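Going by the order they are written in, the chains are A, B and C; count residues from 1 in each one.
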Amino acid sequence: MLQPLRETCRRLLQDGIVQVVIGYGQAVRAVEPYPVFITDPDDVGQLVWNEQCRTNLVKYLLRKEIRVLGKPAIVVKGCDERAIVVLEQESQIDRSQIVVIGVACDGMAEPRCEVCDAHQPRFADHTIGHATNETQPAERRYAHLCEFLEQPPSDRMAYWKAELERCVKCYACRQACPLCYCERCIVEKNRPACLDTSATLKGNFAWHIVRAFHLASRCVGCDQCSRVCPEGIDLRLVNLSMARASEASFGHRSGTDPQAELVLGNYSQQDQEHFIR
Amino acid sequence: MRPMTNIYQPDLMEVLDVQQQTTDVKSVRVRFRDDARGDDFLFRVGQFGMFSLFGYGESTFNICSSSNWKDFVEFCFRRTGRVTEALWSLEKNDTIGFRGPYGNSYPMDKWIGKNLIFIGGGIAMPPLRCAIWYALENREQFGDITIVYGARRVQDLVFRQELDRWAEYDRVRVVPCVDPGGETPNWTGEVGFVPAVTERAQIPAGNAVALVIGPPVMIKFTLPVLAKMGLADRDIYTSLENRMKCGVGKCGRCNCGPVYVCKEGPVFTLEQLKSLPNEY
Amino acid sequence: MSQIISKPAIRRLVERWLRQGKRVIAPVQVRPNLVSYQPVRSPDQVLLEGFVRPLNSIKQVVFPRHEQLFQYRVRGKQIDLLPAPLPDVERIVLAARPCDAAALPILDHVFNWEFRDATYNRRRELTTVVTLACTEYDAHCFCTSVGSQPNDTRGSDALLLDLGDQTLEVRCVTDKGQSLFAGQTEASTRTAPTGPGPERRADLRRVGQQLEQAFERSEWAAWTNRCLGCGACAYGCPACHCFDMVDEGGPTCGARVRNWDACQFGQFTLHASGHNPRNAQSQRQRQRIYHKFHVYPNKFGELLCTGCGNCTRNCPVSLGVLPVLEAIQAEGAK
């Protein structure tokens, strides 16, 4: 897997098709791989691929520090590339100016990998390796959420209070999210100040609810927010909840179909309204 | 060391007067609600205060009145953010919060016997004004005084009426200027950018110190002019405007290279500035 | 002669402290992979072994992530300011790591730099810190690289060292520590050996000189480009102390509060005019490194870092101070 990956990247850089490869690297001492930005074809040896490449690199397509490096090629897993699909649908990237290198993945030992139906990338320009995409029935994909929802509402509220009590508002969830791309996040706006910036229970609830609102029907379930949270808050539950609502009410699974119409970008008289009260 | 009071709790001040200076700049005169606090209050020109409106927050402004004035403290702001937007609707008798004075100051004692050159642009007049009035009120201590002050347009000049009053003092030369296109039919001042006007003004630089405050681009192009005139880096002063929250060297926001601007600034010589990273 | 105490006896002490109305903060297993300093409700929650270090820090005990500075009430033209209630509950931090406690005397400098911060100092007085020397380390630990060690007593009132068989050696460091354990320990001849600590990877006490030459290096972007600009490093750091001040509430009543802030956020230095003195992430990373290893030591004589490694542990992309400093040193060695 690694050799063809490096070879593909070397060729893309050498032929001048791209100026930078966004991939995974790993220093000898480092505990896990981290994002690297390769600009010299001779440096492709720094690229690694292993079962710990858990970062969704798509975020870097939007970071201005990386944009200045030139036209990118990006290494993605089948789950990561869904974010590229959404970014293109939302006109945040010009897909023709990005080379997507999909790498088949057997799972990264993350909770979401157990119910993954995107082991093999589907929209990449180059695909390395082969894996099989098994259809996962909805009840399996949302099992983690359903299990949680079996608790009575008061227990769920108590759970979220205990979890969000720990949130320090480091905004790692937002910064790691490939779909949180606002130039100025609503929590940073102060004219008017819509949300308390304080990391109090009230401010934390407000923050995570507003973030969920802004990601509803858009979130692709890469669960980076959950992965990076230093307080271990299981934001995956929120992501699953949004995805399930979007799928149940609009038949929309974000980032799985480049031709699909966006839930929030389209209105139809057939749209469901049962949740508006 | 100071006694352990709440260093973040402001004093209350009463608004005495609000003057609209330009379309988006106002100056405000305030007085301590607590007379005793007012009687004790001392500051040095160049220092700043944290001014606040409760429910909106605090903002950092230079105290633009002279330290010789005992009846009020004056500050000046441009309407740009949450706090200044709220301050814009201040009226006489309103109450604001004030903490200060903070920071270092212009070394007026060190400037005794020197010729003074004040150069400013736009909203930078207030931090020059306190020093100008101080120098005029201690006129015999200082040599020739030259004031070059420019704005985009005539109506953008802050404290415009005071320019004429300063010019009436002995050995004071005021050179007002506006950017090309910003002049009005009856404008008698210069037309041109501050660096060019400064160069044209043929200001004698012997035994002089200069205080230069303005937008970064104005400062950038004025410094070579001053160097050409023969001023040494240690004789050129400016006041930095880094963003601050606490004002008392705690919150870390105004840290720039080795200094906390709120405590070791805001006033620096060009010589000091050159040892700082360009992060102000 | 040394003083010892059994772990069950410590837990009985915790029970007593809680009954006395004291607040006890200790490492708690929040979930399988997460140990965190939390207020404890019962003695069995306290972890006394089996963890490297919590992912947060004890700075929250003296410098909470959110605190009211004062309250305001506006009635017409009448404005009243009410002081925020001063903290008055005694707190005991138990089984803190030495790399956490060592940050407290470092923080004391800035919170007493000419202007003394009343609530910080009040909390500091009310807090007794009992540390637990480390016996296990992970790849992110680097206390030995900043001149510290696993049984460093800086900032501790008492240090506990594991003797095995459910017994701890107690070394009281201050009067506070003495009085906390007075009559609770037994004399013994056993003393805990000093462990080697994590491998010493560099002498970061001297990196400041190197940094003086490195400020303008063009590699800063390459070293730090992967930074996503969140505050996970700063908020998990025992020594980072930047804060924001905002008014919360309405125009008639509310409070001026202070909240943790972090220099990696793009808005941190953004002026109302739109000018941003540190516009690029690499500048913000550089600022964090310089503040810790150059600015602070030059001002206060101590690094603003205790080598706990939380910045890297918490970083979504494995950055943090050590990887950056090692990159600088590697370049310097070329």
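Assume contacts are C-beta pairs under 8 Å (C-beta built on N, C-alpha and C of every residue); 3 or more make two chains touch, one makes a residue touch a chain.
If you're wondering where the values come from, they're calculated on a predicted model, not measured in any experiment.
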Chain contact topology (line, ring, star, complete or other): complete
Which of the two pairs, A-B or A-C, is linked by more C-beta contacts? A-C
Considering only mean CA positions as chain centres, point out the chain farthest from subunit A. B
Using the average of all C-alpha atoms in each chain as its centre, how far is it in Å between subunit B and subunit C? 39
So what's the Cα centroid distance for subunit A and subunit B, whole Å? 48
Please compute the C-alpha centroid of subunit A, do the same for subunit C, then give the distance between them in whole Å. 31
What positions in subunit A touch 2 or more of the other chains? 190, 193
Subunit B, residues touching no fewer than two other chains: 81
In subunit C, what residues contact two or more other chains? 244, 246
If you look only at subunit C, which of its residues touch subunit A in the complex? 30-31, 33-34, 36, 38, 55-56, 65-66, 138-140, 221-222, 225-226, 228-232, 234-236, 244, 246, 248, 257, 259-260, 262, 265, 267, 280-282, 314, 316-319, 323, 326
In the complex, go through subunit B and note every residue touching subunit C. 1-10, 12, 52, 54-58, 80-81, 84, 93-95, 97, 216, 241-243, 245-246, 248-253, 255-258, 263, 277-280
Subunit B to subunit A touching residues, read off their complex: 81-82, 85
Going by the contact rule set out above, which residues of subunit A touch subunit C in the complex? 27, 29-32, 34-37, 55, 59-60, 63-66, 166, 168-172, 174-176, 184, 188, 190, 193, 196-200, 203, 224, 227-228, 230-232
Subunit B contact footprint on subunit A (complex, rising order): 190-191, 193
